[in-house]
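Shared between the two complexes below is subunit A, which pairs with subunit B and subunit C, respectively.
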Partner chain A sequence: MIEWALIIGFIAAGIRTSAPLMLASLGETIVERGGILNLGIEGAMLIGAFTGFMGAFLTGNLWIGLLMAILGGILTVLVFGILVVRINLDQVVSGLAINLLAAGLCLYFFRLAFSQGAFPYLSELIGPYPIPLLSQIPVIGDVLFNQTIFVYVGIIAVPITYYLIFKTSYGLKLRSVGEDPLVAAYLGIDVSRIRYTALILEGILVGMAGGLLCLSMFNVFDTRIVAARGFVAVSIVILGRWNPVGALAGSLLFGFTEALSLWIGTFLIGPASASISQLLSLLPYLVTLIALLIGGRRVRGPAALGSPFSKE
Partner chain B sequence: MELKLPLSLSKGTIRSLYKAGISIGFALLLTSILFLLTGANPFLAFYYIFAGAFGNISLAAETLVRTTPILLVSLGLAISFRCKVWNIGAEGQLYMGAMLGTITAVALGNTPLTLIISLFVSIVGGLLWASVPAFMRARLGINEVITTFLMNYVSIYLIQWLLAFPFRSPDTLFPESAQIPSSAVLPVLVPYTRLHLGVVIALFVALPLVHFLMMRTTFGYKLKAVGENPEAAKYGGINVGRTMLLALIISGALAGLAGFVEVSGIQFRMRPSLSPGYGYTGIVVALLGQNNPLGVALASIFLAAIFNGSTTMSRALNQPQGVVDFIQGVLVIFVLASEYILRYLEKKGVVKI
Partner chain C sequence: MQNPLFFLKRSVEGKATTIQADQHPSSEYALYVKGINKTYPNGIVANRDVSVSVMWGEVHAILGENGAGKTTLVKIISGCLKPDSGEIYIDGKKVDIDSPLKAVSLGIGMVHQHFTLIPSFTVAENIALSLPLKGRLSLDHVKEKIKSVSEVLNLKIDPDARIEQLPVGLRQRVEILRLLCQDVKILILDEPTSVLTPIEVEDLFRMIRELKSKGKSIIIITHKVREALAISDRVTIMRGGRVVKTLMTKDSNESELASLVVEGFCPSLKIEHVGRGDPILLVKDLKVKGDRGEIAVKGISLVLHSGEILGMAGVAGNGQKELVEAITGLRRAESGTILIKNCDLTNNPPKSIIRNGVAYIPEDRMRRGVILTMSVSENLVLKNFEDPPYSKGMIMDKGAIERSASELITRFGIKASDPWITVNSLSGGNIQKLVVARELSNGASILIAEQPTAGLDVKASEGVHQKMMELKSKGVGILLVSADLDEIVRLSDRILVIFEGRIVGEFTRDNCDIQKIARLMLGAPV
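What follows is the complex of A and B.
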């Protein structure tokens, strides 16, 4: 029989691994509502992870690392913004370009900073911050209130994003820009400004999502650290129907899948255990693909999603 | 004074050449600044890159060896990108082709047909792997960028597992396949180099075939029509979904072939480290070559040269490895922006076409 403590531990781990997906998919939900498909999110997360790691490593302060991660995220997303908002390039190709640029820059500068064979790591991580009193509640306290700040920010960001998109005048403008930018422009909405604002918000969230990988999950940096989490986040936005609540649900689903693939591995015994636990690494990707196959058919997103817009 | 080119080129070609020139020029300029900042002389650095790529016969042969998989992958991607199907899963398709080709070669052993059959299986492997996202795109409308990328991870983890367990070589300590039989090896063309028959397959079989397919067939015309305006193509009676599906699976087939050619010509075993990102380099190459097969061929050689030359340069000037990744990254941004830059230059009267 599996003990309760193990199950509680697993649920807490599932929520913990969901955090980067929550932050990234909420950010992507905002920009996609404004008609921008940002596939450069993978690269923005990578830059966030890199600047976060470097900031923390060089100053020895994890919070400065987090700040650098957010700045890195904003900067990357703004470069993408210049390509798609300022000079109206194809959004898909620009996103791919950002990913390749990010991979190239991180690989090069990481090697520039550390000589071959050096293995830099952070001596501590941003750990859980138990919320006073609430974390004392049995079960729920351990699962929900003994988490890292990233989980708290991710969960609190859900109602905030929802409110922003559906209940504010900015949200109304954002959605109209995402449905038909030309009409929005005729109505006097500054399309570029709305989109840049959305991109900056995404940059903050995605920078955090990338940064937390280095600052809270792994204490090392590797150019493969993001491991398609950005693309999983884009899938979650589709599956969550461009709604923050849907994004939360999707993030939990994939966070739990990732946690599950690691968790099962620890229970296996016998000669085949190493084999099976290695094969389980592909589970999160396979589940995302299957989920898209079931829930991603001909869904209708914001009407202007992905199409370039110029006033001429 | 007006410069007259000796060849008569169409305006479109001249624009493409300008755009490629602008992209490369800006990328190299930025790289020079990087070299200056890191204390290396840019002229010396580019000299070492060039010398490392073409300095003598064996180095030039190595550059062609490197060109082979890049060219095969990027020719396929050019087809797919021509109709605006963004296959970014070439890396995974390459691995699946290589894996299935290797399994076939090892299983068949030494027979006169081992090489041909294994090459064929690798093509089918890449094709089948690409057919999943192709089907999801064409029939269900699911964004192929996401699915092809996610499938890269599925294939790489799957292959790591296959090589660690069911197909692990019995004679080495590493997670890699058994050695392929000698009859599955692509013969070396130039003695004392690694230049193998694969380069002929890429340059003199795949390149003309893709060129013919894109420029001289109705399928090539359909690709272009769908890429430029899918709505108009549909009204014109073109089956848009089918065209996209075919484009994606053909690019997968070529990536799969690239994978087994690499095993059969260079590695002789399937390894998890088979490709240093050829699937992604192919994207840069296809974009830089502007989806034109000849442009793609030149761009492949260019990137292969930087790939190899930068290793020499890094050693000579004590620079970190990975300059090629930096160049690739900035190159792709300038390829994108080159149309904008060119239009700006035209407006300022600097360039007249």
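What follows is the complex of A and C.
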């Protein structure tokens, strides 16, 4: 039946569009559990996308691109980490500064690398990797097991992150640092070390999320490529109540709305279709806003989230 | 090396028997501190040549006013502060304590006035944090440890309870339990009773005796003479950063200790009970919601007359805060009326309530009472800076503000070197004096006082009480909300007991029964 195939295709697309948000929001969940609000995640994703694109473009190897994306993500998040953990600057201001810096740097180096009017693109993308046997299962196989590596990593990262936060001693320390860093330090916990570790984990996930955009979704780079997905990830963390499972749900909500708006767009015909599909692309952001209004009220995050910490 | 015990022999005579010269302090002494000096960077000398000894199985009280240097001393012993000079011996061995962690590894642990627990964590999680853990978190192990330690001491604590759901008395117990799980042998309790109800204090003292019988040493910091008498074996009195004297508790008495704590102190407060005047504050059927949307005040009616002190006794968290906030306009009342001098001011903004003569001494003085980063002078005119003489039109008159501030600083004895220094450089007691000075000096006819003497020393408390009496004789009506039952009983003309958002008892001076009030506060049947 044709309808069946359409619906399966739609669900698979929804999961695919959720992948960058899963990765980014899981990373952000980890650092926010440790009391750090990283609004620079948008910039870190952009740097990841850029280094990923450049790596793949220059070497012709997509996997080297992915590695570069991860390194770019870690590096950007660590710069943010030095600002807020070491120098104790305001987290919100530092995050926004990182975003501006990232946009500027990417534009500069992109222009430096390619002449005006050039249109560099990758000749291939990281495509779906069907998992042997599992992908043969009807429906579920197509939806879950015929996806890109990014989807697999995003989904597997949910239970791993959950285990890390709630079932390991590192997680307990991380949460204590997010609740009350002074008490944690008093009990002999190295607050900075815990926070840097969390930031590196976030860097890996966020770098992947950024790289995904260039390596698996679009085959070109543009400084607007992240399109506020980083900020959406931050709101997904709130929506998901600082829980990896919640972050997964929030990412799917956003991803499916995005897929839906694209899907509806393909059915539009006529002179107004272009402007309507533009309007439809607002849908995911609107849904995020509404979901935050409904689900984001009276939620309590880590008590020390966003507040600077110094031992003095 | 001079025998560090040399100076001690006098103070612990009878217990310290044969100590050879040039020997290390014997292991009879659990803890033994010699010649501690500490000067803070701002020049305040907190400890001058302080020496104290604590034996195994002893309850040792350190008694003194605020600012006497007690907390500084125990912070040094517990590794939170570094002394400028001095030596510490544990079990006869000289030690170097450079962090709280090191102190714990040496067997010394401290329960701070501000608890070091994470409210959203469970008991087990909080205790797990302080234990050396790696890899997978196995809370079952921690729970077993909690169980075995608490059974020995007959402490009843549910390891899965969240700290934020526990009453303060139990939180304190968790702090103590955590130290015991860390194998601490010398426990330091800093002002442990200041947050407790009378019945919780009894529980705490019972626990201290239990610990003592198990051979632990307990150092208890207090500014209350009666507490030192009730619980300790020996008491060290500190004043102005020095040790005044160490003596056997059983050989001493209240008046001797009081006169040592405050040189030549004798309580001078005259409690007068003048006839009350007309009602000035009327609260009818007031219902107020708490922070989490629950009904915290469940229909309270009360009347306050001019020239009357109305005490409100209750364990914190039973709706007092919400009631006071509704009266002062800080929180919306769901239903009911608040009449101030026959004016319906229900749900009016705080400003109009202040203008109608309501003064307010908030419990959380650091956040509600002052703006820490502003100067003393500015804080003193916070409620009337828009009025002449402090402002002319839109322009503030710095001179007038400074004159008024200097006058209040002298009149209320606020220790501030300059009227323009910021409030966060003052001590807690002085900040309270500042709040009291501001609230009591602007001609209010109603005073809402929440825990007005919490954390203040004897002299400062006496000063606040004195002022309240003065106001009362001038016809001001005072609503005194306090967890300190002694204070309520001493000052109030009438006492209301609040429990779970309702008034559950009313007492006058003639039928006042402390035991009964204490039971009502806990919701126990009378």
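By our rule, the second predicted complex is superposed on the first by the 306 of 312 C-alpha atoms of A that agree within 3 Å, B and C clash if a C-alpha of one lies under 4 Å from a C-alpha of the other, contacts with A are read in each partner's own complex, and residues count from 1 in each chain.
Here, contacts are C-beta pairs under 8 Å (C-beta built on N, C-alpha and C of every residue); 3 or more make two chains touch, one makes a residue touch a chain.
The structure presented is a predicted model; accordingly, all values stated were derived computationally and were not measured.
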item	value
Which superposed partner A:L89 touches (first subunit B, second subunit C, both, neither)	first
Which superposed partner A:K167 touches (first subunit B, second subunit C, both, neither)	second
First, second, both or neither for A:L39, with subunit B first and subunit C second	first
Partner chain in contact with A:L78 - subunit B first, subunit C second, else both or neither	neither
More subunit A residues in contact - subunit B or subunit C	B
Subunit B versus subunit C as contact partner of A:I264, first or second or both or neither	neither
Contacts of A:S176 with subunit B and subunit C, given as first, second, both or neither	second
Touching partner for A:Y186 - first (subunit B), second (subunit C), both, neither	second
Contacts of A:L286 with subunit B and subunit C, given as first, second, both or neither	first
Subunit B and subunit C contact sites that coincide on subunit A, given as residue numbers	298
Subunit A - residues contacting subunit B, complex	39, 42, 83, 87, 89-90, 92-98, 100-105, 107-108, 111-112, 116, 227-228, 231-232, 234-235, 238, 275, 278-279, 281-282, 285-286, 288-289, 292-293, 296-298
Subunit C-facing residues of subunit A, complex	166-169, 171-173, 175-176, 179-180, 183-184, 186-189, 298, 300, 303
Complex contacts: residues of subunit B adjacent to subunit A	34, 38, 86, 88, 132, 136, 140-143, 145-147, 149-154, 157-158, 160-161, 164-165, 280, 283-284, 287, 320-323, 325-330, 332-333, 335-337, 340
Residues of subunit C touching subunit A in the complex	80, 99-101, 116-121, 125, 128-130, 133-137, 293
